[in-house]
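Next up, some structures in structure tokens.
After this come two complexes, each holding subunit A, first together with subunit B and then together with subunit C.
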Partner chain A sequence: MGPTTETTTEPMAGPATSAPAPAKQPPTSGSTANQRKAQRGSATGLLANLALVLYFAFSLLPVLFIVALSLKTNAEQTTTYLWFTPTLENYQTVLGLGDGGSSYVRFFLASLATSTGAVLVSLLIGIPAAYAAARYRFKGSEDLMFTLLSFRFAPELVVIIPLGVIYQQIGLYDTIFGMVWVLQLVTMPLVVWILRSFFQDLPAELEEAALLDGYTRSQAFLKIVLPLVRPGIAAVCLLAFIFAWNNFIFPFTLTSGDAQTVTVSSLAFLGGNQVRFNLVAAGAVMAVLPPLVLALCIQRYLVRGLSFGAVKG
Partner chain B sequence: MATIDVRSVRKKFGKLVALDDVSFSVNDGEFFCLLGPSGAGKTTTLKSIAGLVQPDSGEVWLAGQDAGDIEPNHRNLAMCFESYALYPQHNVFDNMASPLRSPVLRLPDDQVRERVGRTAEMLGVAHLLDRGVDQLSNGQRQRVALGRVLVRPANAYLLDEPLSHLDAKLRTSMRAELKRIAHGDLMTTTVYVTHDYVEALSLADRIGVIKEGRILQVGTPQQVWDTPETAFVAQAFGKPRISFVSGGLVSDNGTIRFISSDGAITVPVPHVEAAAGEPVRIGIRPRDLTLYTGAGPQPAGHERLDGVVYVLEHLGRQTEVTVRIGESLVSVVAPRNDVGGLTVDDKVSLLLDPARVHVFGDSDSDDGRRLSR
Partner chain C sequence: MPLTAEAPPPRQDSADGASTAPLAEARRVSRRRKALRPYLLSVPAVLLCAGILYPFFLGVSYTFFDFSAQNPQPDVVGFENFATILASDEFWASARVTLLFALSATALETVLGVGVALLLNRSSLIDKLFERVLIVPLMVAPILAAIMWKLLLLPEVGWIRPIAEFFGVTGYNGTDSPVMAMVWAIVVDAWIFTPFVAIIALAGLRSLPKSPFEAASVDGASWWLTFRKLTLPMLWPYLLVAVIFRLMDNLKMFDVIFGLTSGGPGDATTTLQISAYLEAISYARYSRGLTYMFLLWALVFVISMILVKYLRRIQDRAAGV
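== the complex of A and B ==
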């Protein structure tokens, strides 16, 4: 974000700073100098825009590629060219429309259930936790926050074997509930850490004013504070959902059928006697839809949420 | 309406002592000003009364009742924050209506509209009721914040620098308006925090002067002006500030006289509670001095001090003259005509009524305790 805003503001800053100079010079030469500056400014602006378009194309290429691959036949699946006759056969296969032999829809629903459940549980517990962490300092509160954060950067593989054993023993193996629970390791630290900074940015005097207006502490929180962090909640919702949705290692090791998610189910197309990249691609294209739809729904809050720290004040 | 009793309140923030044994009481319906420089503990005192700050020790009593266990929302106090603390998601009307709609009051809608309308009219923000808070100037925000307080009946109003962000003209008119509200129809107990001595003198029934978390003096505007108990209090009121001259006391035929360190100023100080030989400083208010140009007879009972003009500041009808007497600088405010053709380094005399000289101790440890009776 930083470099692009710099380049776009530059052409505007150029003529503005040179404005006092023409006063000393004859007006004609002054204005031509200004024009030249302005031309140079728009030239840099054009270059910057060109660079942006190039980068945009570059980053969209993999998306284009995977969509193309999902429309290719088995014979063409290892080719890289984009000129071919598209077919929807892969989607039919993945969804089991042709022979009825796929459980992709079930995996998809399991993914939806675990991710949504994980985000909701994290919000339910994480919002009050983040608020408390932002407002109340007590002995060890920072250690607690750090421990929470360490769930994010500790590799999941470290805990996967004991977790697997425990899940097998207490009957959480291959259940939606078990997945929602274990995904808290992924979503909870995100929710608490991001929302804490949103709460910290709000002056405590807002709540104090609400208290003196006659509202209880919980009313002050619900009526005054919570509506103000809505952009933050939207942003963290999406982030947590994406992380939960994309998680591979937990469903891979802790589910086998009932609660298996789309990320793991794609593996089925790679094993066996034939590698089917085109089917993987079709599954992936469909699997992108829920996060995409969520992002579009909360877009209004999202832009404000993600730029909250940057443009404050 | 209620009394407020602050009893030996202490509060530390980490190592910083914010309040150090603060005690004062505010009578029912009284307008009490807390005056002090920034960082003196004014806001902390206010928040302790409101219950937003938990004192380390000491008590706050409201209406004759220990408020220690009463939550802020049940204290029935209205507070105006220096930072306004307006709710950004609400418009002006909803901000001002917030205390009226709270579970404590829960007024019906028509009463809310009526009260908000009346208060907004009074504060000159009636045309802004539909605006968002982010569309207001700082002065308008401050008036809305004040409106959120004045709109409701309360045991007491706590106002934290409610006029500080207004421009000079508006501040003067709002000050008059506040005075009318406070002393007129409402008669609600009010604690008013300010660093502006003019506000304190003009509004307050009584003033408490606070410095570094300690109350130095509580008294009526007349008392704090006429008999400041410390040199700091004397300095807090008046512009130009009171002039201080350091020196000592000597006994001269049974009367005690003050002699400045360099011997250039000598004044009899009859009403002093100190022995000869003690180091003291005297304070002379610029308006207690008269510029004497030698014309006409010298009035009886006045001491004459001779010096030279150090600085001249013409301020419209009056002129502020700083006179150097020996090593000391003394300010005097004189009518423009009296100053006439004076220029810097001209010889000039000042007349002083010894009864109006304030004598303070010269040690900073006790903030220069008052020694004159």
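== the complex of A and C ==
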């Protein structure tokens, strides 16, 4: 191999061989180029940080605004300035602290009951189905998975109108049980798809080894597999809870009082002839808090959860 | 140990071969039970699906009736609902609004989301801090986000008017004009869901191999060339997942638009979901509302089928390379 072959192959092998590149340039011009590059790098770095700060200002602006508004008095609620004496009065009014509870507390508890119920039912039904779909190849498995996925993407009103008619007939309208049932449309696809991806992550040899050790199939599942996916199940629980809590259209159309949730009741403060913006804000802040706190606990699994297991973060 | 009470697992003595008849019989039974097991595990989920599909098909059948609150004993009208709705200007107007909203919001969220992900991928200190805050809007219920923005945009209450005036904008009127109502609806949707695209893109970026980028930097490739020729193609399978989720969601977005503008002013932001809601709930014309909904459902279904098929091809190609 002479130097001629080396020069001819150089463009081809360019990315892999880094040695020839600096050798071509005299050292002085190379260092000034590097300096210029570094200068440009710090300038773009500054611009990038500026862009980030702008985005996060946009991202947090409504949150800061709503918190500020919730702390304003009646007299100040229709002012836009920032300097005011904060008061917790609005929170007390919304919660009805002075006069023995308010409807907001009832709505909050209804949200808690329907969301928790929906998650529990989804887990009970969803864990076996997710395990079956992850471990066995059987006829109809993909059909079941995609039917569930289609629920996630179907416009809810397609089901709501007939369901409203049925619910009125069989007395499930405006009940916690009725809401738990209909929220399965939201939580079930989530639970099955995400848990399937967690089950698939475990090697099948795990259960085979357990079977060889004399465990039955169900023992292998309960004692070996389930403990290993426990973090996944916890994450799915919280995420499903958040989705059920944040749902609006189902409680909005299928409840009227007893089973009404906080997402619906926050709209109610906007109605009436005298709108109390500061009360709307206080109600919204309290309704936002539970999902936010839960989300911070499962940030690690959020990517996988929100993409239905399609992207493993 | 309770385990000894169980019959020995068939696998354990498979080395002996099928010498004795009862053993073979037991094995056959267990094989049949094994074949049945996934079905048994799935039965509850299938029943639940059936429980949801029943109202769905009931709803589809309503589209062939003239069912409304005024007419609780409906008659079969065949395809009349479809014919009148497809012939009406309102339907095509809201179909246009739906597509305009869904495509613009998805595009904005994708571009912003990738941008934010690229910025956060430098993993400096400021990035670590921001990554925690990033998901906040995503966890706010969309209806509450819409209400927060509605107040924020109100000229007499919110902060947007003073901000607009600071930058010299005169005649700020919130969501009162048709164009601005649509713009703000898209902005609010992007406010909530840009983090969704960003965290998926960020997960994608972090999973990309390092060596092609090192090679490109050694070759002195410009940032834009690297992004277009390397980052984007390799990120595409991830991005596509986010785009599909966002497009499907935005086609049927109800909460954001209902909370922010309720479809107004006029019908400037009346999407198919809002039209269906007005028809079915406000005017209690169930059959007409369901026909709207079924047409939207068909659109969403066809688009999702095409996109999911495309996604699988992309993912297979990515896995093959």
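In the analysis below, the second predicted complex is superposed on the first by the 221 of 313 C-alpha atoms of A that agree within 3 Å, B and C clash if a C-alpha of one lies under 4 Å from a C-alpha of the other, contacts with A are read in each partner's own complex, and residues count from 1 in each chain.
To be clear about the criterion, contacts are C-beta pairs under 8 Å (C-beta built on N, C-alpha and C of every residue); 3 or more make two chains touch, one makes a residue touch a chain.
For clarity, every value in this text was computed on a predicted model and none was experimentally measured.
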item	value
Partner chain(s) touched by A:L124 [first = subunit B, second = subunit C, both, neither]	second
Partner chain(s) touched by A:I224 [first = subunit B, second = subunit C, both, neither]	first
First, second, both or neither for A:G214, with subunit B first and subunit C second	both
Which of subunit B and subunit C A:L206 touches, first, second, both or neither	first
Residue contacts on subunit A - larger count, subunit B or subunit C	C
Touched partner set for A:L112, first subunit B, second subunit C, both or neither	neither
Partner chain in contact with A:S266 - subunit B first, subunit C second, else both or neither	second
Which of subunit B and subunit C A:L148 touches, first, second, both or neither	second
Subunit A positions touched by subunit B in one structure and by subunit C in the second	208, 211-212, 214-217, 219
Complex contacts: residues of subunit C adjacent to subunit A	3-4, 6, 8-9, 11-12, 35, 37-39, 41-42, 44-46, 48-49, 51-53, 55-56, 58-60, 62, 112, 115-116, 119-120, 122, 126-127, 130, 132-145, 147-152, 154, 156-159, 161-162, 191, 195-196, 199-200, 202-204, 212, 215-216, 218-219, 238, 241-242, 245, 248-249, 251-252, 254-255, 259, 272-273, 276-277, 280-281, 286, 289-290, 293-294, 296-297, 300-301, 304
Subunit A partner contacts - residues on subunit B that touch it in the complex	47, 50, 52, 71-73, 75-79, 81, 83, 85-89, 98-99, 102-105, 148
Residues of subunit A defined as touching subunit C within the complex	14-16, 18, 21, 45, 48-49, 51-52, 55-56, 58-63, 65-66, 69, 77-78, 80, 124-126, 128-129, 131-133, 135-136, 138, 140-141, 144, 147-148, 150-151, 153-159, 161-163, 165-166, 181, 184-185, 188, 192, 208, 211-212, 214-217, 219, 242, 245-249, 253, 263, 266-267, 270, 277, 280-281, 284, 287-288, 291-292, 295-296, 299, 302-303, 306-307, 310-313
Of all residues in subunit A, those that touch subunit B in their complex	203, 205-206, 208-217, 219, 224, 227-228
